[in-house]
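Quick one: this structure, given as structure tokens, is what I'll be asking you about.
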Amino acid sequence: MEAKMEMQSKVTTLENALSFINDGCVLMFGGFGGVGNPPTLIKGILQKGTKSLTLIGNDAGFPEIGIGKIVSAERVSKLITTHIGSNPIAGKLMVEGKMEVEFCPQGILAERIRAGGAGLGGVLSDIGIGSMIEVGKQKVEMGGKTYLIEPALYADVAIVHAKKADYFGNLIYDKSARNTNPLVATAGKITIVEAEEIVAPGMLDPESIITPGIYVDMIVESEGVDWKWAWE
Amino acid sequence: MGMGIEVRNRMASRAAKEIKAGMVVNLGIGIPSLVPNFLAPETEVLFHAENGVLGMGPSPSNGEEDAMLCNAGGFPVTVIPGASYFDSATAFAMIRGGYLDMTILGGLEVSEKGDLANWVIPGKRIPGIGGGMELAEKAKKVIVLMSHVNKHGEPKILQECTLPLTARGCVDLIITDMAVIEVSEKGLLLKEVMEPFTEKDVREMTGAKLLVREGGKK
Amino acid sequence: MEAKMEMQSKVTTLENALSFINDGCVLMFGGFGGVGNPPTLIKGILQKGTKSLTLIGNDAGFPEIGIGKIVSAERVSKLITTHIGSNPIAGKLMVEGKMEVEFCPQGILAERIRAGGAGLGGVLSDIGIGSMIEVGKQKVEMGGKTYLIEPALYADVAIVHAKKADYFGNLIYDKSARNTNPLVATAGKITIVEAEEIVAPGMLDPESIITPGIYVDMIVESEGVDWKWAWE
Amino acid sequence: MGMGIEVRNRMASRAAKEIKAGMVVNLGIGIPSLVPNFLAPETEVLFHAENGVLGMGPSPSNGEEDAMLCNAGGFPVTVIPGASYFDSATAFAMIRGGYLDMTILGGLEVSEKGDLANWVIPGKRIPGIGGGMELAEKAKKVIVLMSHVNKHGEPKILQECTLPLTARGCVDLIITDMAVIEVSEKGLLLKEVMEPFTEKDVREMTGAKLLVREGGKK
């Protein structure tokens, strides 16, 4: 019986994980204001030189923190996000026409990502009716109310930061660094996790696992977080 | 459908051969629930339940049942290391999101196009749809385990289903007490005939055309 | 500082909790096949005599187990659920016209309940197109695909079973008895929790809390579960 | 907007008086983040953050910050007993689901109907909407903390907003360096005038009609 309980390890090298992140792909990232962006994967993407990315995630980070580095390095052709206020370079690239930006209310972006992972076509939202948010979106009337149809979002690759992963890919997160990571983890055709610590299956409490390993394709060990000075 | 335990076990055993290492599998109630008994012990499979369990292990011993841990059919289960619990919305998010490699379901009728009817029992009250539609529509591979004929001796594999459909064109493989039949693009492919039946028996008891693959078993 | 950290207790008597569950109300319940239905609250509802309920939940339980007891006692005028196969009395009442039943695919019911709690109008689903599931529902075309609009579900009162509650209402569940409970907990105007154990805030790991206490209005101590023999 | 720390603290202190025991409150960045400093220590309030924290406590001491624990503005926080962590979808599910009693936001313009504009800074690049729309539309009570006039000395409280709206008719109370103004069904109600200003000053610097409640402060 013991043999049956051994699960195949999804732990891999950074190099192998990066081989799945290529020019022009749709890349979804976990994190909120830099915190929870996977720093080792981001560094790897920068070093590899991957470009023309469609990036989907909460925000544009800071110019030199988290996902912001990829934006600052002009590797992004389109960004679907909720705000870029913390990264002036993102605003500059948008104004110069070097990067297309689509804005979405923050909780609705989270729901669109969740819907993608959950095999739903989208959600009905009453947020931003009459604002620029509704541009290009279908509306429906239901029960006397108007809703926007907010379509699901998907990615070729989702990158995620976790506190601990077992090698099957069950994940737990760390305080507010959880943020969008569990949602993003579900919505990638390929989901790559950067974990601070990797343990054997059975070491994480099944009641406390936030992301079941079914969603995870590859696990890379983190070189450690680099966002501490975001607020220093 | 009145099949003996040996026949049911043989069907389950045959279905078990379709399960490959690393798969995530959801089993329906009835004969599908016997499938794990026939897996090679080293086969690394993750069993999923709609109520919110991934990584179910063997049935507990008598007296070892946990009232808080069961499968979607309400039968007590155990979990293996690496298992996780989640809510039912997440359980179905996994199904609709395409994360299930296989589901093994019971069936009332299957058409030659792979349509499945398995939820409205003729002459009985409508019991509701449960999770069958989502499993049938979204699992990567759908295997139906059912008796070859109904209790009136009539074929359950038909050109067109007569009962309300669970899902269209969803079935990949049919395993019955008489045969193993693949739903291919060209039509139904008779892959195996179960003892003591002959190919002729199977054809007589099947309401649709059966092709035979060259080099395949008759 | 200590005083600031004291949260007002939501623990109450069964009698007080039941005073919010009245004839004709929309009652949503957690649980799946009897397991995770809150037995003490159900017993209380039966004893109180509450009737003409609109019931929303996964299934009709068993005739003498869980929510099934309320169905069997003919207290339900309408049931929105996924199947009633385990409770023949439910089928009988439906056929006799004594109880209206609306069926929904299981995962879609879960999403509709979640949407209600999450302030969404509903979700876009491709499940059950062309079947009785689509009757009375709007459809939308998006990206060349057809989706049903599955509207959010709400309740006057949601009843929930939990393993542990702190007295602010943070909840953890017990293995597969979690099932629909965390979803139902979010979708009631009033949410009443039956907990096996009640502890002080701070006793539950903030990383492992499944239902944040913000969703919970009242907590009643459980007299213990009664569903063990569902499978015996 | 160039207001000194004393003025900012006075505004935060005034906003703190609106918070009642048992409330669930979300604070925007800027002046709203100063509000907790002015709560009576026994006030039982749950502070909510969009990134997924309920039950934030005081700011950590220098050197005690945790890189994994911050509010939605990215500033380090602590948590109180009974706090919980969750994902951002849940954080906003709480907001849209109507579970937030109050949000205290910054503002660029507020109209006499309670429309709020607080996301497109004129002449600057569009920074995006963040979580402001959902908070403004869905929190039970919306308080705006802002300077009474813009950097050109022009009123920010207007008959109609000129900037793109965050949400319509959402604002309940405006607290500025000059006044406290309630958005009532009849229009803007001047409730308090801050020193050293006079009612006349406030009226001159306000681009909409101000009513005065009988028996209220002038």
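Think of it as A, B, C and D in the order they're written, each chain with its own count starting at 1.
Here is the rule we go by: contacts are C-beta pairs under 8 Å (C-beta built on N, C-alpha and C of every residue); 3 or more make two chains touch, one makes a residue touch a chain.
Predicted model, so just to flag it, every value in this text is computed and none were measured.
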Using mean Cα positions as chain centres, tell me which chain lies farthest from chain C. D
Euclidean distance of C-alpha centroids - chain C vs chain D, Å: 35
If you average the CA atoms of chain A and of chain C, how many Å lie between those two points? 31
Once you find the CA centre of chain A and the CA centre of chain D, what distance in Å lies between them? 29
Residues of chain D engaged with two or more neighbouring chains: 79, 85-86, 89, 92-93, 95-96
Hey, what residues on chain C touch two or more of the other chains? 111, 114, 118, 120, 126, 173, 175, 206-207
Among all the chains shown, which pairs meet the touch rule set out at the top? A-B, A-C, A-D, B-C, C-D
Parts of chain D lying in touch with chain A, wherever the complex brings them together: 49-53, 65-76, 79, 85-89, 91-93, 95-96, 125-131, 133-134, 137, 164-165, 168
Show which residues of chain D lie in contact with chain C when the two form their complex. 21-22, 24, 39, 41-44, 46, 48, 54-55, 57-58, 79-86, 89-90, 92-99, 138
Chain D touches which residues of chain A in the complex? 32-35, 58-59, 81-86, 88, 91-92, 94-95, 101, 103-108, 110-111, 113-114, 126-128, 130-133, 163, 173-183, 210, 225, 227-228, 230-231
Would you mind writing out the residues of chain A in touch with chain C in their complex? 111, 115, 118, 120-126, 138, 140, 142-143, 145, 147, 149, 151-152, 172-175, 205-208
Tell me, which parts of chain C touch chain D in their complex? 1, 3-8, 114, 117-120, 166, 168, 170, 186, 200-202, 206-207, 209, 212-215
